[in-house]
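Presented below are the structures under discussion, each in the form of structure tokens.
The same chain A turns up in both complexes below, where it pairs with chain B and then with chain C.
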Partner chain A sequence: MAKVTIDDITIEVPDGTTILQAARMIDEKYGTHTAPPTMCYYSKLKTTGGYCRTCIVSVTQGSEKDPRPMPKPVASCRTNVMDGMVVKNNTSPELLEARAGVVEFLLINHPLDCPVCDQAGECHLQDLSYENGDEGSRFQFPKRVYEPIDIGDKVKLNMNRCIMCYRCVKVCDQITDNRVHGMLYRGADSEISTYIEKAIDNDFSGNVIDVCPVGALTDRTFRFKSRVWFTKPVDAHRNCETEGCTGKVRLWFKGDDVLRVTSRKDQWGEAESFICNTCRFEKKNANDWVMEGPSKISHHSVINQNHYELQQIKLGIKRQIKHLTGVKIDLGEGALNPNNIQK
Partner chain B sequence: MNEGGEAFSKIGVGKSTGTKLISASGHINKPGVYEIELGVPVEEFIYSDAYCGGIRNGKKLKAVVAGGSSVPILPAELILKTAKGEPRLMTYESLSDGGFATGTMLGSGGFIVMDEDTSIVKNLFTFARFYRHESCGQCSPCREGTSWMEMILRNFITGKAKMSDIDLLWDVQSKIDGKTICPLGDAASWPVAAAIRHFRHEFEEYVNNPQSIKEVKHYFRLNNLQEA
Partner chain C sequence: MMQLTNRKRVVVKKEMSLAEKLYLPAITDGMVITLKHLFKKPTTVKYPEVKRELSATFRGQHVLKRDEQGAERCTACGLCAVACPAEAITMEAAERKKGEEHLYREEKYATIYEINMLRCIFCGLCEEACPKEAIFLTDRIVPVDVNRKDMVYGKDKLVEDIQNRVDVSKRQTAAVLEFKKDKKHFHNQTWDDIQKQIKPKKHH
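Now for the complex of A and B:
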């Protein structure tokens, strides 16, 4: 067991836990918002994480034995905790500044076409930039532009919106039989694509839509049907015969019609289990499903109308005030301790 | 090496022992790869006939990149003498004396000498192009940041830059430095930081007087750039 302190909250976790997992444990236990945002890490997939750098935290004390601080911010999704480690996330203004820099980098080549993007409303990049980003852009050059392409008859790929998190690549690697797409080229020119634009064609290919944190991979059967916040999520299940599919899904209703079927997302915006393409694309009739009741929606995304968690908004506003006026807001010792937080 | 490790470690000064291969290039009379005993003064290394043999065409020394393109560039007065006034030696400690504010690093030993005619901004653009091409694209700050820095520097040498771009460039590099998985992000940001730190007036000159750019000789032709 290792004792780790994140933003003044101490928790004991098993050895080999990452800082990110420890922070999520704290949040689940105390209902706080210590966990750093993630764009590429996905707990259900192996070897994800470490790419996007939004989950960076500063380690002010390495461990009990070696109390030196780490010289650079570390990626919390890839760094294991040590006994006696002290981590600062939201309590370090320098770190929030650094994270705002990462958000800016992610956004400079993002088209910001949210008004016409199907992902708007449940987009992790929207949440991220709203909570952690600065106002406005300083990028005054042409952005990268690609033509949207169809990969298969069910999935649309819009590379302009991609932030290169590699999640979909890992899905095809690990959930489906064979890897059919990946990253082409390198550096600022890299792009996700199938080899020679071949179609992705297997039973679990639809999961790339669920894991995509932005609108780069969208459901062609749901395309432009409705904004997500006008649809009502309901948990349902069916007895699915496809091997590996749990049949536990979330149906998105508009009136009596099922507009789309997705996997269920947990409070971190990650799919609880992966579902097959038959469930996702072909069973769009309420009679196919056994209803379980309305879904609980976490703080992520605007579909949780007016319940956007207070603490994150406070943090975002504090950052904005500092950015606009230069006034430094006190985020010092104990500022985010669950006992001091007024809800 | 034939004489054993002990004899090898007797060569050199302080913690920097043994010899090192230095690849000297730039505006010097005798570019090439030299094996030096660590502890040779930088001044001797540049001007002695045994090594670089002085600056080409008898020009004055302007700046030196002491350890490969990624380390901070230093102006002549800081490379020959440290900020404290001691002569700088070709050792790891002496070159990094003063931290990044007034020092640099021995690094890989890629020693680039620049004479008084050199444009630091154009040279920096060449470095930035290299790092943009070299970035693998895995993590965000380096993938987006290196290409952004290259675009800003391209504005400088095509005469389109604004004064605020200098601060923007500084801010972009500071947000790459230390945030990436591998040290390539750091390596891309250090030369930019050092060039602004020591040669800010040159950036300002480029903004105020875009015509002056054309008079600077450089390996890279401006015509090619506008097409690219």
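Now for the complex of A and C:
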């Protein structure tokens, strides 16, 4: 076990834990905000992390035995904790400045076409630049521009928006049978592509849409259908026969229509479980699914904008019950699910 | 209780005298006031023959602008609708097809764009939220109607006529106009500008 202090909060974690994982453990335990943002690290995929540099932290004390600070900020997703390590994330102004620099670099070639992009509203790069970036960019040169291409009939690849996080490459490597796409060329010219624009074609290829932190890989069946914040997320499941698919999804409703099916995202914006292409692209009828209730989305998210129906309904039910029976009730998660009410 | 002003008067209900009961002095007082007003300059104008001058930033009926080439600027990003406190704006988007570049400026455009003028409170937040300089409130006053349905303005009423442009330059500061011209910003480039930058594909 190793004792590590991150932003003045101490936690004991098993040996071999990375600083990022330790920070997330602190957040889960105490409800704080010490975990650094991540763009390329994905806890559900192996060997991710180390590309984007957004999760840098400054280590002010290396360990109990060797208390020297580390000379430069380190990538927390690839650095293991040592016993007695002291880490500074949000409490170090120099580090936040360095992270703003990283954001500026990530945005160098980004087209900033958020008004057109389908990812806007649930884009990690938007959140990152809003929370950690500086206003404006010093980049004066023409940006790298590519024509958007279709990878198969379900996925659209827009390389302009890509930040080279490799998450999609890892998904195809680890979740699906055979790897069909990867990085081509080098340095500033590198791009994600399939060889000879070969379509990605297997049962789990749709997950590249979910893991993509930006709008580089988007769902063609949802293309320009609606902005994310005009749709209403509902958790649902079905018995999926595809091996490896849990069938637990999030449906995005507009009125009575299911516009999009995605995996459920956890606190860190990562998919809770990967879903198959049948669930994602074929089952766009509400009757195919068993509803579990509205998804819990952080109230900081624009997706929650103008959605006060649930709170209003809950308040109304609470008042009615109090008025009729005099009992105060707690309407927690899933309380409005019809299955629960029948019980 | 502490008094905020000393304008308070206690009302005393006393018996009126005979002179007061006749109301003659009170009537003359009233007539004098009426006569005075006859010779004063009127405070109202005879609308619609005479129109008052409006402020440069008056917030009246909306317009959806076109760019210099006549293509619609709106890309249906939905920021106006989410900023709208009255939830008056709804829209639906579609992808631009090949050959429609002269009609729509961006890859995506609004097929349906509706503002419910009965809901709208003319706060101007849509104008402020718009990243594409597409929607503006103008000095035109929204005409009244007898039918609720007709008060939902669609693209036919909102998008400006190419021949008959709506001038919104008064509403924009010099800094904003300068920002709009700067080609360094991606949003100021038309699709043609962007196409020119695309590098030829390398083959190995």
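Everything below uses one rule, namely that the second predicted complex is superposed on the first by the 299 of 343 C-alpha atoms of A that agree within 3 Å, B and C clash if a C-alpha of one lies under 4 Å from a C-alpha of the other, contacts with A are read in each partner's own complex, and residues count from 1 in each chain.
The rule is simple: a residue touches a chain if its C-beta (ideal position, glycine included) is under 8 Å from a C-beta of that chain, and two chains touch if they have at least 3 such contacts.
Quick caveat: nothing in here was measured; it's all calculated off a predicted structure.
Applying the stated clash criterion after superposition on chain A shows that chain B and chain C can sit side by side. Residue contacts after overlaying the shared chain place A:120 against chain C, while chain B stays out of touching range. In the superposition on chain A, A:147 makes contact with chain C only, while chain B stays out of contact range.
Legend: residue contacts after superposition of the two complexes on their common chain; A:62 is shown touching neither chain B nor chain C. In the superposition on chain A, A:230 makes contact with chain C only, while chain B stays out of contact range.
By the touch criterion stated above, A:182 is placed in contact with neither chain B nor chain C. In the superposed model, A:84 lies in contact with neither chain B nor chain C. In the superposed model, A:93 lies in contact with neither chain B nor chain C.
After superposing the two complexes on chain A, the closest approach between C-alpha atoms of chain B and chain C comes to 12 Å.
The contact surfaces that chain B and chain C form on chain A in the two complexes overlap at residues 185, 189. Looking at the complex, you find that chain A touches chain C at residues 111-116, 120, 140, 142-147, 185, 189, 223-227, 229-230, 302, 305-306.
Chain B contributes residues 132-141, 143-148, 151, 168, 174-175, 178-181 to its touches with chain A in the complex. Contact residues on chain A toward chain B in their complex (touch as defined above): 50-54, 56, 71-73, 75, 98, 101-102, 104-106, 108-109, 138-139, 141, 163-164, 183, 185-190.
Per the touch definition, chain C reaches chain A in the complex via residues 75-79, 81-82, 87, 92-95, 106-108, 131-132, 184-187, 194, 197-199, 202.
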